[in-house]
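In what follows, chain A forms one complex with chain B and a second complex with chain C.
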Partner chain A sequence: MSEYTWPDPATRPLLGKRISRVDGPVKASGRAKYTYDYNPNGLLAGKILRCPHAHARIVSIDSSAAEKMAGVKAVKVLQTPGTEIFWAGDEVVAVAAVDESTAEDAIRAIKVQYEVLPHFVSDAEPPKNIGVNNGPISRDDFEDMEDNQVPDEQVIAAIKANGISFKPDDKYLKDAQASGVDPQVVEALRSAKYAEGKTSRSPYKKTAVQKQGDPDKAFTSAAAVSEGFYGASCITHCCLETHGMASEWPTDKDLVVHVSTQNLSGIAPQVSEPLGIPAGNIQVLQQYIGGGFGSKFSPDRWGIATAQLSKAAGGKPVKIMLERDAEQEVAGMRPSGFARVKIAADKDGKLVAWESRSWGTGGMGGGGTPPLPYIFEIPNQRKQHIAISTNQGSARAWRAPNHPQAAVITMTAIEDLAAKMNMDPVDLITRNLELTGPREKIYRDELPIAAELMEWKKKWHPRGDKSAGPIKRGLGLSLHTWGGRGHNSDCDLTIHPDGSVEIKMATQDLGTGCRTIITIVAADTLGIPLDNIKLLIGDSRYPVSGASGGSTTSGGVTSSTRRAAVDARDQLFAKVAPALKAQPKELEAVNATVRVKSDPSRSLRWKEACAKIGAMPMTIRGKNPDKSKPPDLTNSGVGGVQMADVSVDTETGIVRVNKMVAVQDCGLVVDVKTAESQVLGALIMGISYALYEEKILDPVSGRMLNPNMEFYRLAGIADIGEMKVHMMIGKGYDERGVIGLAEPPVISPGAAISNAIANAIGVRVPFLPLTPARVLEALENGGTHATV
Partner chain B sequence: MKDDPTRKPETTSGVSRRDFMKISGVGVALPLVLGPKMVEAAGEEVAVHGPGKVPVALTVNGKKLSAQLEPRVTLLDALRDNFDLTGAKRVCDRGVCGACTVLMDGKTVYACAVLAIDAQGKNITTIEGLAKGDALTPVMQAFVAHDAQQCGFCTPGFIVATTHFLEQHPNPNAEDIRRGLSGNYCRCGTYNGIRAVALAKPEGRAS
Partner chain C sequence: MRPFEYVSPTNKEQVATLLGEYGSILAGGTDLLALMKDDVVAPQRLVNIKHIDQLRGVTYQPGNGLRVGALTTIAEFAEDANVRRVYPVLADAAHEVASPQIRNLATIGGNMCQRPRCWYFRNGIGLMAKTPDGKSMVLEGDNRYAAILGNAGPAYFVSPSTLAPVLIALGAKIRLYSAKAAGSGVRELPLEEFFVIPKSEHELEHDLKPGEMVIEIVVPPPSQNLKAASYEVRQRAAFDWPLAQASAALEMDGSTVKSARVVLGHVAPIPWISPEAAQALVGKSISPETAMVAANAAVAQAKPLSHNKYKITLAKAAVKRAILGAAGQSTGGAA
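Up next is the complex of A and B:
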């Protein structure tokens, strides 16, 4: 009987409108309390002693002087003598003291001796003659592949081809599946051949060549072939609120943690195991988070340390928030991705062949494999990827893992090919849209809209701005895609007899508008104002909802909320129907009334209607996914087009973005205002990584040279230019259901800006960030080579 | 105040302890009474604070606040840790990002780049002091209306900076905004909304 579908556009009082975020006022007033702001009486300050070497073995630790210092309440050795350390900044000892100054002094008083070992931090092009690593897959190799989101079929193929050098027991396999490893991958591990591991000293891990079609023949018979070198350097997440956690033990069995996390419901299981206490005894709290971007899914070693230090200090609260340098050095980075590419088209501009030799590093794990060629399923391909292990803090998921690198390698190569064929790249891309599979129609809709917003036809010129003077102007574009199906989510919606409505969900709002869209969906369904709903999130005691990663939150929380609200509304109708002398199915909830659809004069105000519930409130659980309550309210697979207009000063190499255009689909848009903000923010983050951001490692010391915010530069308000965002809304889009929006729009800016620079100055600046030095070098040598 | 046995006799404010004893003729074992000692160094009177905690009195949002703080404690940490005024955020902690922006005698400063002891005698206004009670100031309302915030961590600093900027530039143009608000960073990318706020010229500091 119940209709779980999204409502018809004509009957959506709030859904799909332009609504200010519900937590805007508390944030703007400075009253929003983040984990960093947690400041109870008696709070102890925690600090971490970090290894200063990129590769070393701990020989000895003497913390006796720190332990004796006045004001020091606990000292915990995190990695013991004999342990090998693989990156600078790794955690060695933690202390808790009455205040930060004392904790800092205590850290300085600890003496650690290291045996310094050779390190490797370069992600320069690997040597030509390295072999394919065919050894069995170690546990580290496997976990690295999973951490780096290597596609499941590749992982399965590697396990089958090479065997494994570890013996996963049932618990390991169960834990792997629980933490999100695909069941088929788990099965491959279970049935894998065991082989003794050969230890390889090489930092290079080369995949087997992947081939489809006949690339040699296709290149030979092609009308045009373009070759180039493209890529993007390692960057960091640079969350403004650094990672951190506060722990306290109200009893010796119960732990309460405040943590800056994208994974509120998933923290307790990760904390319980190392501490050896039941996950049910751990309460996890977080109201506001100052940025995550994919780097905050785990409690991390420092978070566990706060619980251990608190226990040692008699249960008093202990908080550790990372210092900025530690945040930049160890708390997350995006793998680099580079490639030498050969691409070919026939005389009509149809893409016929692709060849790439790609490489990159994501720290010790090597990093993920960019999906090449991006977007376009070119019929004839040969490709090979080399993951480089380096001694630096590990990669973490960075918005749209592997996709920005893939875009910056593929969309640039396509633009260079178009230039070689004297074609407008919009034209060349349009001719190849059938290679984009299920999203062909979306791109066909979006490209003309983007072109019009950019005035592409009027402003575009063939490669190289021929106007006089040192300032050259150009246009570029890029396409992108992402999945984004809604994650698992449970929602409890309670209607009280006084008409108030309460929603509980153990989710988190990263600033995406999560609170706002949950409230909109519930209020829209119940026909009541937004402020009639009290939304409670950020407490692990509420119903479980998934981690905010991979653009899965919007689809998940709106689906579970819609189902809960529809059921609650229908149960309310059943209670109210007799009073209105009608059948429940004849009722509707609109304008804060419950009334008879055919005779609106027979109505009860919302409060009066809710009084019919009886003395006790009514709580309804909504779930996602829920096959018993079709249809699926969320979906997967979005398309977006972005265009950039830049000016380049050919005397200084400085690039200025004049304008960015983004046309984006995300299925049904729940709140146009926060959706547009998400896209605008992604464009700005994209300008930032395109032009400024780079994690620079010193080959001599192995340390990050810019672990700060003056030399790790973010874009500022002066750097953004004009911005136009167009959301695809209406028929063809709304009925797809809700799809997340956090990843897709951040994928294309790097490629679009790189293409615009090439169009302006006539040569390709090979890789990001597109700094003045690299622009000048490309101008000097014609764009064929870069050493910086 | 007793010497902290774990602390080395290090130089403070460029004056070593031996110089201090020689110049002032006062042994450090004597209790330090109200206010810092003055010594002469390089021909100038220099205040010597510490070592150890010293009394610090601040005027914040019109209120007199006092605490015992080590001289190395920044204004930002004093506000956050001792007075629970957590609107100003610690982000870069070295005077770059602007997340800790507060007003000192009416001018914007990075609170992480000012020592608490140096903020004594000044009028400090934090984000909490801009609004009266629960009501939002016009600038805060404009930040909500133009959705000039996402995670919100940079927002208090940006609002203090924008409030001051609009007092200095009541009719800002795009170039004024580029220059005048470039002292604050945002990671989520809310500058488009912040630019719209400044162009909308919300007036007045009062709620």
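Up next is the complex of A and C:
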């Protein structure tokens, strides 16, 4: 039996070291080709006519003028007359033409009549008197839960408890499974009881009150009670490379698509059905992607349209990349999350009671439910959530779905309670770590490290910077957790007789370092240099690997690669052993040699060793999970602590981040450098949504007013301050196996920055983004009377 | 972008004829091309003036002041030795405009003529868009970035130029030219008179007559006792439009103010001169208190809309800090 366990630090030349990403040069030099860059000869430009109304019914479509236009090669109506449109920017007609301006002319020549219907785009606090909605789950409800990665057991429980108000057929269930829905959830849908849905048009869906312990008694007997209002507005994914796809038909049965996706292996099943061709006839390609953040798992209606337009245009390539405004308006958003919270502690600062009335919107579906209270299992609780259905492009999973909202609601309430008790929040949190369950030890390790890096003890002051002048400085912190177990992954590793090594996997590198860690694991296991390995990803013809969502890729691809590499190495040892007059198990692969462990002088150089394979290359399949090849190489459940140091100009409300500290665990760190980069990127993204990002919807037109990168602001280099990242490495962490890192570090920045601002100016700015207007309003009224 | 004709004259005399009724002047293009790509404007012809060398160059003569050709890029202007030496306040303000890439292309003339950033306008809904029942979209909708001064309507957008308030505070004039105009064809007017508050969707925010173009900005030589500064309140330190801006030029008599010009930017449909703030300073020596009195005077007439009350606070802070900055005193604010 081969030994698959991750090697210990003494015997790993590459794993866990600080290695530059293998695709750094090709990206930095601009040679990396993205879907956007796919411009073959004869490419037709695709464009979409979008509905300008936030809620309307299509009355008629006349595309005849466009069809007759010179240079127009295909017109495809995507939504037919009679269809109700639920958000501005939804797709109505697609065209393909010889160039962009002709396609735009064609779009302008299409006449669509709409019956404009009333829209609702507000996520302001719901009225107090709305009824509880615990009726059957609609298709929208279900898809929304999946989009927001509500834990499978919760989805199953909800389906069982409430029934469903739609009738999923076999095709629906099959598609759901292909797009990543857990088989047990699919089974729950299949066996769910059907019930008529509610016909009411109220935008509010209120859950039943969830209660545990005796909150009333706990609040009454508590030593301190703090009440507050917290939250975060809707934001978008704002991928720098917008969504898009290019399709072409080399024959009338075979389709090749280039797509900007997080789900390379999962695209063909989703494209085959609407086109009515076998998934096996579809090749999906993507080498590089400019951001996804959870919004790029599906081919989307525009992607399917490129294939339909291409077919109609005789198979010529057709590409649609969304314009920036469409990207912002329809291609993904993170639900808002707000709450009125009451929290209590005993005289020692032990949290005893929690009460929250939370709400938010994720578009028509309503949006996910933030897991409240976040991280801390407070013994006595009462909570209720209201999902608001609004006329805007639907929510998609946004890095750590629901967690940033939960952190920004919980960690702020805890900080306010600490301030009320005149306690340092680090002390209050430390006293409550036993409420964090399995993550307790991790937080206990991390908090002192973060405090040290931030110089917390030296710089922290009680709430309200008392120094003279308008600039106030403060510190804040937040904690977070995430799962991150590796997804299913198949890896083919080939050793050629000339010593070259090739790896094939239908995965994608979202810029996270996926290519780099696969290469590191293989090279480390085989004892050869990184550049001895040719890694081939980004083609659906390679072995299937999971979608990159929920921080599942690192654990998945490294586990399958490790198993493939160990098996390949051991098979090589078997071929080489006779020549070295040793048993295979006495050999090791080190420094590009295969040698006898007890007598390194008996060795063959890597190339010489590989020559023993024979004439034909040797290909080994590695899998994750693989119970036949233990141990489990991946794990779930990480912890992180972040601290922020900000300055606030109390005359202008402008906030500047001076410094961020992130201490993060992700089990065994495969590459310290790309891991740190991942955390740095998350901090920058976190500063952006803490201070700047907001999807602003016009109450009058229902349209997004800032579908651009001018008033949809992202942090620039001048806005990010100093950033310190500390990865937890060594005993207690390494042996846990590889865990994904994409979501966790982006959860805490909003809460940490909000807390730092409260510490600086002495009042809470209730919700993100923490704009000058909101900071000034909080300074004026003490932060208590704000409304969304 | 819709198709258009393109011409590239080499002298300014050709421009008026080439513009005709439906042409637009193309200089740096940083604003115009974005508007065309978004289909907010669709000129039939672009008249590229970048090859008219008469419109280039920055000169300074102690007696006559600074002359800045309309085609001078913001970057050239910010780096010009004379500008830096004689009017550091102008160089500083120019350095804060947009991003390095835009400063390398955008011109001084274009900076004066750029269109508002109002999101109803830029999203193609209209500069003075109305709801179906005839009300102002801006008043009914989200007006967080709209005007707090000069906002009697129907225009509620804010003037986007950050350089204009500084130039106006320094007493700059703008020179316009049209081969079709009488006499030399040159018209010179105080820069503040160039900016107008339009009353209808089809009017512009400036006083360019058909066929007319900006050829030069002239800034009078500073007196020895002039102290000037400008202050931007900007949400991001990176490329961002100011939420409020103020420029102050103080003519000092010893330690007291003899006369003053205070001009606000990004708070009204035009660069907003505040005689009230200037008057509050005359005869005073500058201190945080006198600066605050002037700041309060500057916004005394301000009228908040439903979402932009905070801009009054920002405008006040900008005026106070511009005045303190001009006097060489600590503004107390972030750098």
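Heads up, the rule we're going with is that the second predicted complex is superposed on the first by the 745 of 788 C-alpha atoms of A that agree within 3 Å, B and C clash if a C-alpha of one lies under 4 Å from a C-alpha of the other, contacts with A are read in each partner's own complex, and residues count from 1 in each chain.
In the analysis below, a residue touches a chain if its C-beta (ideal position, glycine included) is under 8 Å from a C-beta of that chain, and two chains touch if they have at least 3 such contacts.
Predicted model, so just to flag it, every value in this text is computed and none were measured.
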- Consider chain A as the common anchor and indicate whether chain B and chain C clash or fit when overlaid. clash
- Task: Would you sort A:S647 into first (chain B), second (chain C), both or neither based on which partner it touches?
- Result: second
- Message: Under the stated touch criterion, which partner chain does A:S29 make contact with: chain B (first), chain C (second), both, or neither?
- Response: first
- Query: Where does A:A773 make contact in the superposed view: on chain B (first), on chain C (second), on both, or on neither?
  - Reply: second
- Check whether A:V155 is in contact with chain B, with chain C, with both or with neither, and answer first, second, both or neither. neither
- Query: Just chain B (first), just chain C (second), both, or neither: which does A:V700 touch?
  - Reply: second
- Message: For A:L510, using the defined touch cut-off, is the partner it touches chain B, chain C, both, or neither? Pick first, second, both or neither.
- Response: first
- Task: Scan A:V185 for contacts with chain B and chain C and give back first, second, both or neither.
- Result: neither
- So which one touches more of the residues on chain A, chain B or chain C? B
- Message: Per the contact definition in the header, classify A:A582: touching chain B only (first), chain C only (second), both, or neither.
- Response: neither
- Quick one: classify A:G681 as touching chain B (first), chain C (second), both or neither. first
- Just one of 26-34, 44-52 or 170-178 in chain B runs into chain C once the structures are overlaid; which is it? 44-52
- Task: Could you list which residues of chain A make contact with chain B in one structure and with chain C in the other?
- Result: 101, 105, 708, 710, 715-718
- Mind listing the chain A positions that touch chain B in their complex? 20-21, 23-25, 27-34, 36-37, 39, 65, 68-70, 99-101, 105, 109, 238-242, 288-291, 293, 321, 323-324, 510-512, 673-674, 676-678, 680-685, 688, 708-710, 714-718, 720, 723
- Can you name the residues of chain C that touch chain A in the complex? 1-3, 39, 117, 119-120, 122-123, 125, 131, 137, 140-142, 144-145, 233-241, 243, 307-308, 310, 313-314, 316-317, 320, 332-334
- Task: Spell out the part of chain A that touches chain C in their complex, as residue ranges.
- Result: 101, 104-105, 325, 469-471, 647, 649, 651-654, 656, 691-692, 696, 698-701, 703, 705-708, 710-711, 713, 715-719, 771-773, 776-777
- Query: How about chain B: which of its residues touch chain A in the complex?
  - Reply: 4, 6-7, 70, 72-73, 77, 80-81, 84, 86-94, 96-97, 99, 126-128, 131, 134, 136, 140-141, 143-145, 147, 149-156, 159, 177-179, 181-182, 184-195
